[in-house]
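Look at the two complexes coming up: chain A is in both, with chain B in one and chain C in the other.
Presenting the complex of A and B:
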């Protein structure tokens, strides 16, 4: 029975099982790669990333910075990634604000408001996101034609989009100005949060942080001033010109339909998370705060909200990652997000595997960095023990 | 306390809740106005001024000024069954009934054993498949490319569950394996799938996978896409089961080991049943999400319920009636999803009372 004792030895069995497991996965991967190489060779396609410098030859229908058909693939991919991040930012912000309102309505004492909140959540959470997206998009397309545009406070609304009055400056200048504001804000947060500034006086720290924010804003203002062409008007108002609208700042139907869909759908989930967060805060905390003589608003803003925020953040992180992934639905209505750029590139260039690798890499990067940042925030604000519930 | 006094305190509490402070009063007025407006629009648009019956068309509907339910009366078969052959649509309807029965049966706690559930789902799937695909019992064969509407949605959902659940159990067991290499690698696989959007997985399965598979494995696009959906479901469900594992005290498995039970006996009799019980609410939630996500297959070119609805109003003279069609489809999704999530909440409450008694 030598064989049987050999097999019964735990370490031998471990090596055999784990080696077998790895070999199985390696066999699947290698088999798939070889088959793919044969198929591609049969179709006369070459592999490699040289195509990234080639011109695309097709148009992107939405991008934050200008794109033309002669731009190379890498620029299109970058713009697609920026569109995804932009839509994610708009969607997450909107979903958080709306979700906070719905969640507060649901956890308040007012029965009418509670009913309204419940209706909202049950309606938006129980319908597929893509159905809601199609509905908003069909609604946007059913708006009147440009000649019968609706006019709302200087803005024109028609089936081609929403035309807002805006500053008459180029998109590059806008991007630079936004970059300046964003770096100022990041610097301000860093000053407030980083360990390096712990030893400063709190007041000095706050002043330094505000100074960083102000510097960002000032830089943005300078950029806008420098980017403005002298002699032209400062603002641009949308106006009918024949069959189309000239001037102003156009928001395409795809863009706002997707933004509305993600915001309203995300808000239903965020609302439930917010309600759960408020429920997790122990009554004792609020009673203690009230006993100390804090006003109702102080109890809410200094005790209830901060504790509830800590309780909801871990679940919120998952929800945010999920919502970022949901921006890929843009392909269903023609919003050029990262995924749609990849899908069109595959159609036009045939470089299937390279693009799928870029797609996976891009989403792993977005999701892991978002989760990493939020987890870091979660650890930074976490309280020791069970202070949320007030039970030690 | 007399009844008059009680109603007076009730009134007081009512007044405090609704009009306790200026803010609360404002909130009440706003909410009541919003609720009233929603109700009025629904009744006025959907019933009072609406046009019913198959005779309605764009003029009569526009004259009425409300919803044009005529589009549903005329196009309901397209919405429900897509391009499935018209004379054979009774089969598609029966197939939908089968799936509904399977789902109802698996909601009965008495039937919750692995064997019974597996039997119900296998039989149900086989019957569904025979009805839809045909070619047996004298039924005319209908190609998968002609499937559409509600049966396709239900098929993708059921197949996702039937393939995804065993896959999820497998992945969850691999992840908690004692062998570090196996545990680590399956952890990577699960995390990678979870961080990708489902749409990109479906797209990869529909478009890219044929390049990577030997000819005999490529098969119909529908099955590849279902496999992709099942893989995604499995990655999420595996994490839910892992959460269930973590709720089981380690003494349970140690005691089973001490009794000399083998690995499969420990898993099948001790660990998995308890893990599933703990993970039940999250599992039902995952099924609800999986049902809603079946609608994503419209992007890779399938005529499921949503796409069939799109064609119903985008062709012919019904372009104006998008809201009515979407309301109809939304009602179907809502019935199913809301029912399932209510059932999940009921189960959770039932299990919690069980815990309180322990």
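Presenting the complex of A and C:
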């Protein structure tokens, strides 16, 4: 009798079932690993991660920090991961800004703007991303040869890339300066939005936010000053030197083609999410705000946008995670993101299992952290209590 | 703003929705301190009329003056009028992402540029008046309908308006919560607030109204003091309506 009550207890049964399930998975994984090791050993291949310290012997065509063929695999993997993060950052930011514009156009009153927004979404959402990527890459390659470079306001554009005039400082300094600006901007938004600053006077809050932004810019300026080699020119202008371009700041075709593809494609989806978010905000709340005397901008920034953002965020999180994964398409045009570095490493070293494990670990890490941060934000701003009117 | 002028002066007001004539030549004058109750069947244009006063609806012709300030196309006159005219909605329309206190301090701080400490002191005073000071740190979604509507009244009062408009403030409430909202409205009326209330609460109309207005099909059919309105309605349409809402 005692045995049967034991089994009837719901929590006990739950624990036993969960435990059994975990044990089964563990058995499968361990079994597969052991079999793989035996097979590999039989073929004369060694497993383990010692190869990470070996030099790669091949070149990476784009990295944020310098790489040479004598750099070890772990450095290449790190640079690949940074490229993926960089493309994710550029792509998601661009897709969000463009998507917000498209979404606002679609939810506005102007019929011409609405039509334009609809056309945009239908066009970019209904063509496969890889096709769009090839299109942008083909466009980039169809630009004239270096000797016939187009000059646009000091920048040179040709099939080898876009050469922008820039400060004569190293890429590491540029990265640090951009990081400083981005941190300042994040801090500024946080001051405006976070609960802990809600009790400040609006003017004081605005000033503190501007101060944060200013501090970021100042830090960037100091970084640039420190990174600049004394006695050399401050700016670097791209100029034709024989068959190639010297100076300036080069953006390779595969980099900007992929960035444009991710941004424009992502924007079509973000635009629909934005429109849905604005639709979910009840008219009543906006009317109440207007009746209280708030200006149209104040109604938008204090009521409409915050409520729409809360409606959008859960869906945006999925979209962002999806877009980060989509950056792996870069391999099709030769952008050395994490995925491409892994693929090349497998080709050159033959350590398939280890690299695929690293690949999966890397993407899980990126996407779990992104989702964790955004979900935390989502919980922090979620509306409290039961919503009877307004936000559906 | 000329506080000696009539609080609201509407002449020849017309409003169309497409080809539908929603308000047909409305004339209405409300004196400072006066309490006017508007009733009438659903769809008769009551909401449209009071929403024209603070321009949540734009009118097509006719004139609206609030304390002598004419509502023209200028944004300045609209701002001025919205500062002096508060509104309470059927669906409360509180801001769900802000606490009760923030709901009450938002407009005074943004529109009147009141400092936060002062805005909060004013808010607490009005939350006490509507008898929910203890809910100040809660969010609207955590309150009952009656409490939400009282917050909405406090929020409107925090702008310290000269006039309050009510659009069926108790129609979305469960019966047991109607009294707590009406009590607050009666208190406001007794303190001399100028009020225009669209409501079918005839007990409230009897108790506080200086004048009851009956609307039907976009027109003012009848207006009279409550006693005369309820005991000796002149128009057949009014009699029919009264027999329906009073249930005899």
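We take it that the second predicted complex is superposed on the first by the 301 of 392 C-alpha atoms of A that agree within 3 Å, B and C clash if a C-alpha of one lies under 4 Å from a C-alpha of the other, contacts with A are read in each partner's own complex, and residues count from 1 in each chain.
The rule we apply is simple: contacts are C-beta pairs under 8 Å (C-beta built on N, C-alpha and C of every residue); 3 or more make two chains touch, one makes a residue touch a chain.
Computed from a predicted structure; not experimentally measured.
Peer 1: Which chain, chain B or chain C, is in touch with more residues of chain A?
Peer 2: Counting residues of chain A touched by each partner, the higher count goes to B.
Peer 1: Touch check for A:48: first (chain B), second (chain C), both, or neither?
Peer 2: In the superposition, A:48 contacts neither chain B nor chain C.
Peer 1: Quick check for you: in the superposed arrangement, does A:200 touch first (chain B), second (chain C), both or neither?
Peer 2: The answer is second: A:200 touches chain C but not chain B.
Peer 1: Go through the superposed model and pick first if A:353 touches only chain B, second if only chain C, both, or neither.
Peer 2: First partner only.
Peer 1: Which partner chains sit in contact with A:153 here, chain B, chain C, both or neither? Use first/second/both/neither.
Peer 2: neither
Peer 1: Does chain B (first) or chain C (second) touch A:32, or do both, or does neither?
Peer 2: A:32 sits against chain B, while chain C stays out of touch.
Peer 1: Between chain B (first) and chain C (second), which does A:343 come into contact with in this model arrangement: first, second, both, or neither?
Peer 2: Touch partner of A:343: chain B, not chain C.
Peer 1: Can you name the residues of chain A that touch chain C in the complex?
Peer 2: 198-202, 282, 284-285, 287-295, 298, 302-303, 306-307, 310, 381, 383-391
Peer 1: Report the residues of chain B in contact with chain A in the complex, numbered from low to high.
Peer 2: Against chain A, chain B makes touches at 17-18, 20, 24, 27-28, 30-32, 34-35, 38, 179-182, 185, 192, 195-200, 203-204, 207-208, 210-214, 292-293, 295-296, 298-299, 306, 310, 320, 322-323, 326, 329-330, 333-334, 337-338, 341.
Peer 1: Which residues of chain C touch chain A in the complex?
Peer 2: 54, 56, 79, 82-83, 85-87, 89, 91-97, 102, 106-107, 109-111, 115-116, 138-143, 145, 152, 155-156, 159
Peer 1: Quick one: in the complex, what on chain A touches chain B?
Peer 2: So the residues of chain A touching chain B come out as 14, 17-18, 21-22, 25, 31-33, 35-36, 39-40, 105, 108-113, 115-116, 119, 122-123, 126-131, 134-135, 138-139, 142, 321, 325-326, 328-329, 331-332, 339, 342-343, 346, 352-353, 356, 359-360, 363-364, 367-368.
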